[in-house]
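In the two assemblies presented below, subunit A is common to both, partnered first by subunit B and then by subunit C.
Right after this comes the complex of A and B.
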């Protein structure tokens, strides 16, 4: 376990040395504060659109950080040839994959914490309420989603040629699931065979990332989701993360690192 | 010849300053010639109308606190409820049932997923209606010719947020952008009549609305006949309250010419005629 944490620690250090997070955070803060400064009909109590914009930016920023960070982990080690001294140490390929995943996941978790703290400050400054449970649930569910995404991107980085292609494909897949995931079956039933069966198969055998978007509950002050459902969704995310990491490990175990 | 970099810099700065002084007066003329007053219009061109429509939909989404059909659901193209609310239409139980676009869960994935999305049909109330205003403001900026934006915005500002001054300003803005629009004139008149109780102003504005309606082409008149009927009937009620019974009957009869249910207005006319006969010795 210590070896996994050692690998993860390097990834976390890499994130705070790079400028990605700071740039995205400053951009999010500027756009949110800018949107909040606009006066509509002289009403200073209007806040939901600011929350909406801020949460959207948080979602986009955290996805960018997670995907870009995860996509370059293994290829960067191979390109810089630092993978060889790493593997020369008593650390297995499985531990490297797990360590890389854990590092990316914890790093995005730290990022999310900062983002949501900023969001809570902005929202409570106008609403004068502090619905902590809703915020915690929204952040937790987003972090669960990022776990699945990071594992999926790590898997992609084993098989795809370059970090850029891995990132692009990951963005398309995540965007597609978020947009169509819940409606795929309805769309499938309108198609002819064999497309119908294919879409229904995809519907049942894809990670339903759209469940993890709780921003509407935060924006519209709809209260908290039952914790039992959150626990079930967490288990679902853990299962998919495990599946992706396992397949990534299968691929990485047999991967020829010299080419 | 060797040129000092400092001298070159000073020469370039002088040139830039001279050019800006020479070109500035003409440049200001270029921008005003293109109606650059509206920054968003300048940025997005005619594509802004599509965005305006999207922002107007966002106002309806906010009005329902996120419970809203996506493009994949049934009812996605139904009339927006903020428009029907602004026309004074109350929702029946049947309407509520029709708006349950989710239906029964299709499978366990759908059923479980519903725990994480808003599945309750609610409307904003207790002053929270203010949350739709930013989207209406943006929709008005992007498409100043979209009449519903002004009428819906004014309705919520006046009837729900009790801010008739802002409602009037928004309607006046709409009128400046659409000077001949009978619908905005009707809403403006309604505000004067019902909220600020300025009968004369309401009468003048409604009569102007009728005049503008009559100037429309026959096709446009057909499309806007509901506005004509509402204006005529409201004018009739105003005249009835003011004791001008002949004018009241006249406006009810005008309303009957376009009404889908002219019989209902006969009852109103009969009532006024009874008042007239009761007055006569």
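Right after this comes the complex of A and C.
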């Protein structure tokens, strides 16, 4: 376990020493604070609209950080050849994959915590309510989603050599699932065979990332989601994360790495 | 001889990804044994299979057939690398880390306790004369300094077997001398050193035994005296063994 944490530690160190991520991080925090701080005559509709925009910004920024960071982990190690002195130590490829995943996930988790903290402070100061449980659930669900996304991107990075192609494909897939995932079954029923069966198959065998977007609960103060549902969604995310990491390990385990 | 590095009928074949391209055989039936306490030189022209052999021994490439073991453990198991140190030909380290952080990272990978790691790292930084730059990012180091960090990381676990891939290539005379000194020191401590090199004069000076590979096959193995027997020096013997014809140029 120490080896996994050691690899994760290097991922986190690299992330906070990279200036481009700092810029994105600070920009998101500033935009969240700035948008939330503007006083629109305390019009409730406008406040909700601003909250929605801020949440979307947090979602997009954390997805960008997660995808771009995860996509470059293995290819950058191979390109800079830092993978060789590392693999020459008593560490398995499975531990490297797990460490990379953990590092990315923890780093994005820290970012998410800061974003939500700013958001909660600003939103609560406008509405004079503090729905802490809703915020905690929204942040947790988003972090669960990021786990699935990071594992999926790591898997992609084993097979696509260039981080840019992995990032682009990941953005398309995640964006597609977020936008169409919920409607795919309805869409399938309107199609003729064999497209209908194919779409239904995809619907049941894809990770439903759209379930993790709790924006309405936060924006409309709909109260907390039942914990059993949160637990089920967490288990679902853990299963998909495990599947992606397992396949990534399987691909990486057999990979020839020549100096 | 207490054998700590062994390959048996080792064969590595790289499958081509190009359509209708045949696969390339990098190693064919390599049998090699290195005993404890030896300084073993692994020689061969470019493309002979030296790097592939090292890649197999270090677990970067799985063998197509045959076996390779370190300390009696199959190289495919990470634990086989617990007692080895590896110095790559070029400096492949995390440039955003400082030397101190890099060495602590590798110490953690080896499972070395924090207090012991601190002590060991201080000793190593002194050995490679990098104490003054220990807290600076590696990206700010000169090439020689980066190579010295490499040496330090290769020794972090006080290895019983050191694998060096052309350790003096690209170094200035001072750097070469330092590497030779360290190899000599390790030899005196009873450690095993397995290294590839094109510097035959250097190999002649420090190696107990050498092996010459060519086109993926082991062509000769023995002491420097045995290999050089009947020739002016090791270089002449090497050229004869790899079938080099005298150049028509003056």
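Here, the second predicted complex is superposed on the first by the 238 of 259 C-alpha atoms of A that agree within 3 Å, B and C clash if a C-alpha of one lies under 4 Å from a C-alpha of the other, contacts with A are read in each partner's own complex, and residues count from 1 in each chain.
Assume contacts are C-beta pairs under 8 Å (C-beta built on N, C-alpha and C of every residue); 3 or more make two chains touch, one makes a residue touch a chain.
Here the structure is a predicted model, which means the values were calculated and not measured.
*Asks:* Looking at the superposed three-chain arrangement on subunit A, would you call subunit B and subunit C a clash or a fit?
*Replies:* They fit: once the shared chain is superposed, the two partners occupy separate space.
*Asks:* After the superposition on A, what does A:141 contact: first (subunit B), second (subunit C), both or neither?
*Replies:* first
*Asks:* Using the superposition on chain A described above, determine whether A:229 touches subunit B (first), subunit C (second), both, or neither.
*Replies:* Touch partner of A:229: subunit B, not subunit C.
*Asks:* Quick one: is A:130 in contact with subunit B, with subunit C, with both, or with neither? Answer first, second, both or neither.
*Replies:* Touch status of A:130: no partner.
*Asks:* Touching A:201 in the superposition: subunit B (first), subunit C (second), both, neither?
*Replies:* neither
*Asks:* Which of the two partners, first being subunit B and second being subunit C, lies in contact with A:256: first, second, both, or neither?
*Replies:* In the superposed model, A:256 contacts subunit C only, not subunit B.
*Asks:* For A:159, using the defined touch cut-off, is the partner it touches subunit B, subunit C, both, or neither? Pick first, second, both or neither.
*Replies:* Neither partner.
*Asks:* In the combined three-chain arrangement, what's the angle at subunit A toward subunit B and subunit C (CA centres, steps of 10°)?
*Replies:* For this superposed arrangement the angle is about 150 degrees.
*Asks:* When the two structures are overlaid on chain A, which partner does A:22 contact: first (subunit B), second (subunit C), both, or neither?
*Replies:* neither
*Asks:* Could you grab the smallest C-alpha gap between subunit B and subunit C in the overlay, to the nearest Å?
*Replies:* 34
*Asks:* With the touch criterion stated at the top, can you tell me which subunit A residues are shared between the subunit B interface and the subunit C interface?
*Replies:* Common to the two interfaces on subunit A: nothing.
*Asks:* In their shared complex, at which residues does subunit C touch subunit A?
*Replies:* My answer: residues 14, 51-52, 54-55, 58-62, 78-82, 84, 86, 88-90, 92-97, 101, 105-106, 108-111, 150, 153, 163, 165.
*Asks:* Any idea which subunit A residues touch subunit C in the complex?
*Replies:* 2-3, 5-6, 9-10, 13-14, 17-18, 80-92, 95, 254, 256-259
*Asks:* Which residues of subunit B touch subunit A in the complex?
*Replies:* The touching residues are 62, 65-66, 70, 72-73, 106-107, 109-110, 112-113, 115-118, 120, 127, 130-131, 133-135, 137, 157, 161, 163, 166, 170.
*Asks:* Would you mind writing out the residues of subunit A in touch with subunit B in their complex?
*Replies:* Those in contact with subunit B are residues 38, 40-43, 45-49, 141, 180, 182-183, 185-187, 203-204, 208, 210-214, 216-217, 219-220, 222, 225-226, 229, 232-233.
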